[in-house]
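Each of the next two complexes has subunit A plus one more chain, namely subunit B in the first and subunit C in the second.
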Partner chain A sequence: MNRWLDRGITLLLLALLGWAGWSMLHWLLLGADWSVVTTNLPLYAVGSFPADQRWRPLLWMAALITLTLLTLVGPKHGWLRRWLPLFWIVMAPLGLWFLAGGLGLLPVGTRSWGGLTLTLLLTGGSGALALPLGILLALGRRSDLPVLRWSSAAYIELMRAVPLIAVLFFGQLLIPLFLPPGLEINRVLRALVAFALFAAAYIAEDVRGGLQAIPPTQREAAAVLGLSPRQSLQLVVLPQALRVALPSLTNQAVGLLQNTSLMAILGLVELLGISRSLLANPAFIGRYLEVYLWLAAVYWLACTAMALLARHLEVQLDPARSAS
Partner chain B sequence: MRQRRLLVQVGVAAVLIGLLALLVNNLAVNLIRTGLGLGFGWLGRPAGFALAETALPYAPSDSYLWALTIGWLNSLKVIAAGLVLATVLGVAAGAARSSNNRLLRSLAGGYVALIRQVPLLLQLLFWYFVAFLGLPSVPIGGLIRLSNQGIQLLGLNLSVEFCAVLVGLTVFTGASIAEIVRGGINAVPRGQWEAFRSLGLGEGLGLRRIVLPQALPAILPALTSQYLNLAKNSTLAIAVGYADLYAVSDTTITQTGRAIEGFLLLLLSFLLLNLLISGGMAAFNRAVLGRLNRSR
Partner chain C sequence: MTVAIRATDLVKSYSQGVRALDGVTLEVNSGEVLVVMGPSGSGKSTLIRTFNGLETLDGGALDVLGVSLDATHGERQVLAIRKRVGMVFQQFNLFPHLSILDNITLAPIKVQQRAKASAEQRAMELLDQMGIREQAYKYPAQLSGGQQQRVAIARALALDPEVMLFDEPTSALDPERVKEVLDAMRQLAKGGMTMVVVTHELSFAREVADRVMFMDRGQVVETSDPETFFSNAREERSRRFLNQMQH
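Moving on to the complex of A and B:
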């Protein structure tokens, strides 16, 4: 009886899969027109960056891909291995500076930044801001000083209660209101700050989970060895806590990359935003499926690459492995 | 030592208050400059915009407050339906991942792997523009009628926007719930499976009566945070034009320029929503734990 049910389910699933596969094939061969993707590849990559300056975002992305591959291969040379973390940290600020017109290059306003470049810059930049802020908030929430504990907890809980789109919208709207009249920061930077403020609250909770997993004996052992509280935190507790928190931090990072797509609603032309403006073009009207499949593939690849990198890092940091 | 602790706290408080004062001062300067001021009197003024979907009677001449309430009800509608459907889908997919049928198992695995690596907003746009607006007009058996104008289900009339948001949220959250359910099921000792099998119970019955009840304590806390995520994610409905709380707030703020008051109201509404969800789940959690303890 049970075996027949099993076979029935298999047959039903096969029929469904066959039907889906057949209609997909039919559409691919007869209905699909990929010109909306193929003719606009530069737009997807760098947005409306001036054509003669496109090499700058492309160079930055090439460097990013190289760095990813290098990390995944795992260099044998000691010096390269030691410098890799530093390269990762400077990547986003370097990109912002390089695109804005560092090194005496032609200044390009953030208005013409877009596509995958902007998506990656937003992810990297806000991640680099949010991680230290999140760690500070987590430490604050576990502090035995009530004022510090309450203010960190209040910040974390408030941020986690609001939807991201509201934070981003009000970041665009309110940040100028809270700044002194003469001072203005541009839209991309505002988005980056709002993202970082939001992500820090979630990162703080992940780091707090990691901190809770470290037994108090570790701190006591450090104290016995004569380490000051700060040294024990910096050298003993935090490194272990971050390693424990790494899987959930990875999820946050992937979430951050996916959530940059929300900026499309607020009019930034990152990967999804540029597609929305392309779909509004009469030449490509109605080509939704092609564009969405293409975008899904790009996001899927970027997210998977990030997850792979984090998995690699986990293996690298595994104490059982480094001890042998 | 105690003095130092006090000193540090006073220092932190002073910096925080100073920062807050600076921000508020800047805000006041900017508000005076734009001539807006703060206040909630505008809530009683007529909203002047139409809403496509209203649970209670609403006309553009009604107040902003009433428009926001309608938006709140629309949010509640899609969130409540989404919670139920996502739970069903998630539990089914999570259970399918530990099924004996290899095809079913890998299909469920593929679903989770694909959905979790693609942004929700992109998925929502797909459901709206491709799946629902591309629907041909087909009646199915007289009681159900599909078309790109809306879906009629046993006399229930659902708009395309509502359906797109609901399906998008369900499919996205279902994938996360599936992972949680799988983790919970894996946490139940294998001996329990062997025990019910040796008692002659079928797989489905054993899963429902033996394994899932024991997996619940591990599942519920993570499930609560997924429910809260679903509620927060429902604000993406604005991208497909569904008039939820956030969309109505957005229009209201654009019309009145009352960004700060609007933000405060939105914050309050979401705190209330979160309280509803986490309070309900906490009560459920207590009930489950109580039953489990009694049965031991």
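Moving on to the complex of A and C:
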């Protein structure tokens, strides 16, 4: 009796799924007009970067993809393996510099930056800035100096109490006030800094969790070997704490990537910004579904790559792995 | 004979007014093996942890290898002592994120500024001496407790210490793993190392110790040669403890 009910429910669910799948397929093959995506691929990739300079963001993204693949495959050569972390660290700053007109190339204002390039630059740049800041805040929160401890805690609590979009607006309006007159930093950099300041508070809490997981006996063992408190932190405690915090840090990184879409509200034309401006174009009116599906696919791809990298790193750092 | 450690009237109290050390006076000569015994809570672990500054003192005077550590000592004295005194803990406390070889070479490279190659060569010699050379490239989690503790001994020896402190080194081990660690310690004692060993291993104390010190409630009850201590202890309290240990 129960079995018949189970079968009935299964059949019903299958029918529903089949119907949904069929209509989706039908729309994808016959109803959808993908020209809004196909004709604008360059825009999605590099924004309105000058056509003759497009090779610069494209080259940077190719380098990023190469680096990702290389890391996942795990290079055989010892020196390449050693240099990989360094490559990751310099990737975002190098990108900013290369796009802005480093190496004596034609300077290109950030107004023309956009698309996936901008999304990745914002994610990478703010992440690279937020991680060390977050670690410092986490250490500050556990410091013996009351002033340092209180100010770190206050900063973290404050940042977590304010919505990201408010921080981003503050960043656009406030950062220029702190700079000497005449010196102006551009919108992209301002957004990047505000974004990093926000993310650092969350990263700090993840790192603090990692630090708490390391038993005090590890510090003792380091101390009796004559390591200074700084060496003990740097060589014994932090590497273990970051390993513990890695799953939550991955979460933050994925969140960082998704949240770059908020910059569209500030007028930056990253992935979402491009999409919104395309949808405002009379030629592509009403193509919401195509644009947002495409957008979802791109974000999904980028997030999956990040998740794979993080998983790879976790396995690499697993203390119980067999020696290779 | 030179004195390696001289402690005079050491006092250490915890917040509730409990005295972990209540006027402990002792001398450890160079090349001597002193075994410290006593019931749990008697202050024996606290005592040897004062010898390298892991515990601070509230009173008394301590001289370790010519460096004085009293209630007012600074970081510099402690660091000077730690470079010359090795310590082995009950829970091994190896660094789980480093390979066995890296565990041993970390301090020689970072503290003594030794070249990597020579530090690694010395580490391999020590692992050889401990009988676990083939474990060099594994990680602590892959080793048994007895092997981990021998790595911990090798790690402490890598700094060429003049004194070795052992804080219940076999208490966390399976019974069948105790012997391999004690054997390593025997070998070390035979080589003339100055050792202070907190342990409950009666046979080790009887066989290896030059003197046995018995503590209770933060005080030294008696210090005797092992022969006297085990067959004819002077104090009633020591005899009661030994009786309990043997039954």
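Assume the second predicted complex is superposed on the first by the 315 of 324 C-alpha atoms of A that agree within 3 Å, B and C clash if a C-alpha of one lies under 4 Å from a C-alpha of the other, contacts with A are read in each partner's own complex, and residues count from 1 in each chain.
Going forward, a residue touches a chain if its C-beta (ideal position, glycine included) is under 8 Å from a C-beta of that chain, and two chains touch if they have at least 3 such contacts.
Everything numeric in this text was worked out from a predicted model, so none of it was measured.
J.: For A:Q231, select first, second, both or neither according to whether it touches subunit B, subunit C, the two together, or no partner.
T.: second
J.: Of the partners subunit B and subunit C, which touch A:Q240 in the superposed model: first, second, both, neither?
T.: Second partner only, subunit C.
J.: Looking at A:L317 after the superposition, I want to know if it touches subunit B, subunit C, both of them or none. Which is it: first, second, both, neither?
T.: second
J.: Can you tell me whether subunit B or subunit C touches more residues on subunit A?
T.: B
J.: Please indicate which partner A:A223 is in contact with in the superposed arrangement: first for subunit B, second for subunit C, both, or neither.
T.: Second partner only, subunit C.
J.: So in the complex, which bits of subunit C are touching subunit A?
T.: 52, 54, 79, 82-83, 85-87, 89, 91, 93-97, 99, 106-107, 110-111, 137-142, 155-156, 159
J.: List the residues on subunit B that touch subunit A in their complex, please.
T.: 5, 8-9, 12-13, 16, 23, 26-27, 29-31, 33, 100-101, 103-104, 107, 114, 117-122, 125-126, 129-130, 202-203, 232-233, 235-236, 238-239, 246, 249-250, 253, 259-260, 263, 266-267, 270-271, 274
J.: Inside the complex, what are the residues of subunit A that reach subunit B?
T.: Listed in rising order, the residues of subunit A that touch subunit B are 2, 6, 9-10, 13-14, 17, 145-148, 151, 158, 161-166, 169-170, 173-174, 176-181, 254, 258-259, 261-262, 264-265, 272, 288-289, 292, 295-296, 299-300, 303-304, 307.
J.: In the complex of these two chains, what residues of subunit A are touching subunit C?
T.: Within the complex, subunit A touches subunit C at residues 217-218, 220-228, 231, 235-236, 239-240, 243, 317, 319-323.
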